[in-house]
Amino acid sequence: MEQIVFYSLSAVTLIAALGVVTMRNVLHSALMLGVALMGVAGLFAALGADFLFAGQIVIYVTGVAVLVLFVVMLAGRESDLHARQTNEKWPLAVAICAVIFFGFWRCIAPYAGTPTRTQPEPSTRAIGKLLLSDYALPFELISLILIAAMIGAILFSRGGSAAEDAP
Amino acid sequence: MLEHVYWIPLIPLFTSVVILFGGKEGKDSKMPYLGIAAMAWCFLQSSVIFFQTLTGRIPLLEGKEYFLYERIPWLSWGPNLKVHLGVLIDGPAATLLFVVTLVSLLVQIYSLGYMYDDKRKKRYYAFLSFFTAAMLGLVVSSSLLILFAAWELVGVSSYLLIGFWFEKPGPAYAAKKAFITTKLGDCGFYFGLLLLFSYTGTFDLVMLKSHVAQGLLPLEAATAIGIGFLIGAIGKSAQMPLFIWLPDAMEGPTPVSALIHAATMVVAGIYLVARVYFIYTSAPLALGAVAWVGLFTAFLAATMAVTAYDIKKVLAYSTISQLGYMMLGLGVYGYTSALFHLTTHAFFKALLFLGAGSVIHSVHTNDMREMGGLIKRMPATATTMGIATLTIAGMPLLSGWWSKEAVLHAAYSHNWGMWLLGVLTAGLTSFYMCRLFFLTFIGEPRDPHKHQHAHESPATMTGPLWVLAMLSLFAGGLLHYNGLFEHLVHFEVVGHGEHAGGSHAPAFLLPGAAIFVFLLGLGFAYRLYAGSLKTAQGLRDRFEWAADTLERRYYFDDFFLWLVSLSDKLAAACFWIDSRVVDAIFVDGWALVVRAVAAASDFFDDYFVDGAVDGMGTLTQDAGWGLRKLVRGQVQEYLLYVSLAVAVFATFLISR
Amino acid sequence: MELLSTITFLPLLGGLVILCVPKEKVGLIRGLAIFTTAATFAASLFLLGGFDPNLVGESIPKLQYVEQLNWIPSLGVHYFMGVDGLSVPIILLTTLLSFLAAIYSIGIETRVKEFFFWYLLLEVGMIGVFCAMDLFLFYLFWELTLVPMYFLIGVWGGPKKEFAAIKFFLFTLFGSVFMLLGILALYFASTPHTFNMLELMQANGSWSRSFQIVVFIAFYLGLAVKIPAFPFHTWLPLAHVEAPTPVSVILAGVLLKMGVYGLIRISYSILPAGYEWFLPYLIIIAFINIVYGALCAMAQTDMKKMVAYSSVNHMGYCLLGLAAVSTTGFNGAIFQMITHGIITGALFLLVGVLYDRAHTRDITAFGGLGAKLPVYSGIMALTCFASLGLPGLAGFVGEFMCFLGAFAYWKFWTTLSVAGILITAAFFLRMMQKVFLGPFNEKWKDLPEINLRELIAVGPLAVLTVLFGVWPQLILGLTDPTVKMISNMYEHMFQLVR
Amino acid sequence: MSLSHYLVVSAALFLIGLFGALTRRNTIGILMSIELIFNAANLNLVAFNRYLHFDALHGNVITLFVMGIAAAEAVVGLALLMAIYRNLNTIYAEDFNLLKG
């Protein structure tokens, strides 16, 4: 039963990912992004990381995907939607990815067949305790980064209008 | 008296140093008298020694052939090699001591008058004393090396004395010529010494004599040494090839010629051969050489004397001829006869020179053609020179007769061909001597002005002339009387008795031939030169070529001049080689090589190293340009390259 | 008190003091210089006093006044100074000549201070060479003499001085480079690596013959330039002509001896097999040096060049003595070295006297000076006759013993070399005839007689020339015991030559 | 399911993201591909945490941080994009070649 769950989830994720990459229409690829992220969340769940499952869903699927949709709407023009989405070097890219995949494959090989030893149990309490004990500093830092990103984003969007006034 | 014999050479040496540095130059300096006093003392000493040894009052040391033999170590090196400073007085040494000191004394007295007006008189006397000291050193020395040292010092003093009037180019050239020619002879002597030492390891005459007696000296070595010493003697005693310097040495003051070039120095060669006679007797070949050299010199010199017009040159040739006789005497085992002739020759030849000196002093010219009939103006000089001319010409019962007769007798006993040539030379001798006498003193004066001016020399000059005249008259007879000289100077040679003589000549042949030849020469000279010179001049014109060769001394002079020019050319060639070849090519050439290498390395440096550096520069620049095209602003391309790199790395990871 | 070191480094002290004296005080500088050289000479006399000639070792030379300090322990280099019969006479010659040349160099006007500094430094180098018994130290002093000599010729020399100085320097350096190789070869060949000459002398048994030959050639190149032996002599006439008088006195008087000294001390003592192999060539070179040198001298018109070539000739006699490998030969060579130093030193001084007055050394330019300068021509005559080997003067005995020694083994070459004596006599007399005898050349009317200063410089040398001529045992007494030991040090080795 | 499976999946996801970043002409496409790469990384972390280091949850915590950063990056990227879009009126990656060499 567990295999079925894993295979289906991973199939969903990979197909969605391919969609993101190959969809002609940017809007569709944004949607496929959402689906892919949900697939990943499922995999988290399969891996017993329940808090992460929830987190993924909350942060990525809703936040980022939606955000992208907005930007597509704002920045995109009608012509963009139907223009060719991939530049001319994609065969080279495919070749490179294949080679790298093969490289990965060699690295992954040793890990084959390592069984899980424990049953998954709720990890939220543990994560919380960890966050505030070992990872206190990164926790603070990450908040700092987020604020900075926020200010940056505001600045760019506001600054733009200033730029327009000046010729 | 005999023990202090080593003082005899030293006293004149010190006096010469004192004279040279003490006192002041100039005409009236007192130094000459100091010189004469010293020489008088030496003469006294040596005459006493001579008479005592002569009369046998001082006997020979038992079993030895010498009277005195003392030595002090002078030089010692190596295992046991030593050179001693010693004194060896035997028969010949005593005789020569007497002769040298006597003649030197007389010459110094004579020079008082002769050099009266010369401002460098002091230096003249210093050189004279120095010469006599060196000569006496040569006579008494027991070691051949010291003998050689004295030999060279004698050469130097003759150089100084010949070149006494060095302002004039003539004496300067003559002095150099004399020294170089004698030096040439000395090389032979030097070689002989080296060879002798390498075989015997000592220079001491007495030790050498015992060595040779024991037969340690192989024959060919003895011959070589003999020849070497002979060459030395030829150089010093002006024998055949190397006689050229003696006629030119007449440039020096006449008393010098009298002392050095008549009585003492030139005799050194004969004395050397006599001193090492034991080597010669053990090397018959060398002895034969001595004989033949002597004979040839005697004959050729006599011929040269016939045509000479300079009075001193005639006497010079005559000296060479008489020296030839002495050499001949030695060569034919006539040891005693040679030394006897040496002694008598010293007296009359010194007299002749001094006489010529007083003639020159009064007429101020050497050329006999400007003289003539001086007997009226200078009776004393004329008579004394007359006696000397008769003595040398071979007038019987005079000293010259005895000694020359002894030499001819020895020659006859050895080889009659030699005797014949010897007698012929004797004839020539009487001819040219009488010619000289007639030209200068007899006949009418050819140069009236000089004739008026001619005057008899002062007493200081004629005194010595009379002493020598008496000696020339009686010395021969006295010494010959009951074999006095024979007893003093003899050298018994096994197999060659002094008078044994191979073929016994009939009693009258030898003396008769000599007298006949003497009269013949006298007659001829009288006929040709007593009266007018027409006939002589006629004869001379007819035999022009002969006169000329004789005049040019058988072209020996030219030969040696050619030799000198050859050596100059050789020297110039050597110097050319040195400066051009060795210096230019070897050294400067080397510089060129180094410079070429430097240029090459410089070129290499510019072209390659610099090139490489610039090359790197341009390379990076081109590469930069090349890569620039890659950077086209496409972010994705950069990512592409990164991932390309990762891909490559992955394959690498896989393949390993 | 370390006498040898004081003798060697006293001039250095003097030099340094002179450096402190301001340039203007020329008189003081000259006084100081003469005082230093005089003190060094006195010290060397003191050395002679204390030296016992008969104290001689059996197989290796026994040194006196030995000073041995560890200098560079890692390399095994010792500050090893010592003297024996061979070096004492030469040291005395050096200090004497330096003293007299210093007196003569009062005549130097330009840049007096540097002159005397270099002069004293040169003296340090020279004395050092003869005392050093350690190859490293020897080489150091050997090179030390080069630099001052280069400046002395290069700055105060004649017209072509720079060329002469450079040529001299490069030539000698060329030689000493090979010598350095030789020293290093010896250093590495000796089992306990050492520069000490005495140990090397004992160690040479273990070296192969071909090794000794090669190292000998290396040393010979260095020494031949100094001697000067035939192919390497061309620097000498040039250097002499251009060098100022006192310098050329030192150059001829002492520097030439370093070559011969080296040959005896190093080449013979340490490399006997090499020496024995080289003998036939040495005798030929000696012959060439004698006859060729004399002939070249004959062709000269410049007086100084003539004397220079005569030095080549005289050093040829030394080589002849060395080729004899016997007590006679060695004694002759050393004696010849000493007397040549004295005579040629005097000769150069005298030529200098004439040059200072007439500003030309051309023989043909003069004539009949004998009348005008009696005292000068008297001394000159004495020195010339001494130089051509007149017995009774110093030149004869050394020369004669060299010939005696060489004649025993090399009869043919020595006989030919005898001709050299004749040629020497010829060119000296030719010079004297052209300069002193003959008609007086009016051009030199106002030529002043030799003055006191020059007389003081030349006087002692003339006296010594006569003294050693009349009584040579003075030197032989010093050198003979050592030479006896040296020559039978390798008795067996040179048996075939004996 | 073994660890390798999850690793394969995350690898595939990573490569697809990379491919997208390389080939998408539209900048937003590139951003989205980057989001995918981030997720691949997270997946890897959680998988390792689950299979190898199961005693502690460091993997998960780091994943959280990664998500935080990813979000911030996306925000900034898009803001920039908006600014560029306003200036250049285009969002195609080829046109952003001002920094050409």
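Letters A, B, C and D mark the chains in the order given here, with residues in each chain numbered from 1 onward.
Everything that follows uses one rule, which is that a contact is a pair of C-beta atoms (placed from the backbone, for glycine too) under 8 Å apart; a residue touches a chain by one contact, two chains touch by 3 or more.
Keep in mind it's a predicted model, so treat the numbers as computed, not measured.
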* Structure fact -> When B-C and B-D are ranked by contacting C-beta pairs, first place goes to B-C
* Asked: Which chain lies at the heart of the structure, taking centres as C-alpha averages?
  -> C
* Structure fact -> Taking each chain's centre as the mean of its CA atoms, subunit C sits from subunit D at a distance in Å of 94
* Where subunit A and subunit C are represented by their mean Cα positions, the distance between them in whole Å -> 100
* Structure fact -> Between the Cα centroids of subunit B and subunit C the separation in whole angstrom comes to 33
* Approximately how many whole Å separate the CA-defined centres of subunit B and subunit D? -> 124
* Asked: Which subunit D residues reach two or more other chains?
  -> 18, 22-23, 93-94
* Structure fact -> Contacts with two or more other chains occur in subunit C at residues none
* Structure fact -> Going by residue number, subunit B touches two or more other chains at 636, 640, 643
* Considering every pair of chains, which are in touch? -> A-B, A-D, B-C, B-D
* Asked: Can you list the residues on subunit B that touch subunit D in the complex?
  -> 628-636, 639-640, 643
* To do: Using the touch definition up top, name the residues of subunit B that touch subunit A in the complex.
  => 636-637, 640, 643-644, 646-647, 649-651, 653-654
* **subunit A - residues contacting subunit B, complex** => 87, 89, 92-93, 95-97, 99-100, 102-104, 106-107
* Structure fact -> Interface with subunit D, subunit A side, in the complex: residues 2-3, 6, 10, 13-14, 17-18, 20-21, 26, 29-30, 33, 36-37, 40, 43-44, 46-49, 51-52, 55-56, 59-60, 63-64, 67-68, 71-72, 74-76, 80, 83-87, 89-90, 93-94, 96-97, 100-101, 104-105, 108-109, 111-118, 120, 123, 126-127, 130-131, 134-135, 138, 142, 145-146, 148-150, 152-153, 155-157, 159-160, 163-164
* Asked: Across the complex, what residues on subunit D touch subunit A?
  -> 1-9, 11-20, 22-26, 28-29, 31-33, 35-36, 39, 42-43, 46-47, 49-52, 54, 56-58, 60-61, 63-65, 67-76, 78-83, 85-87, 91, 93-94
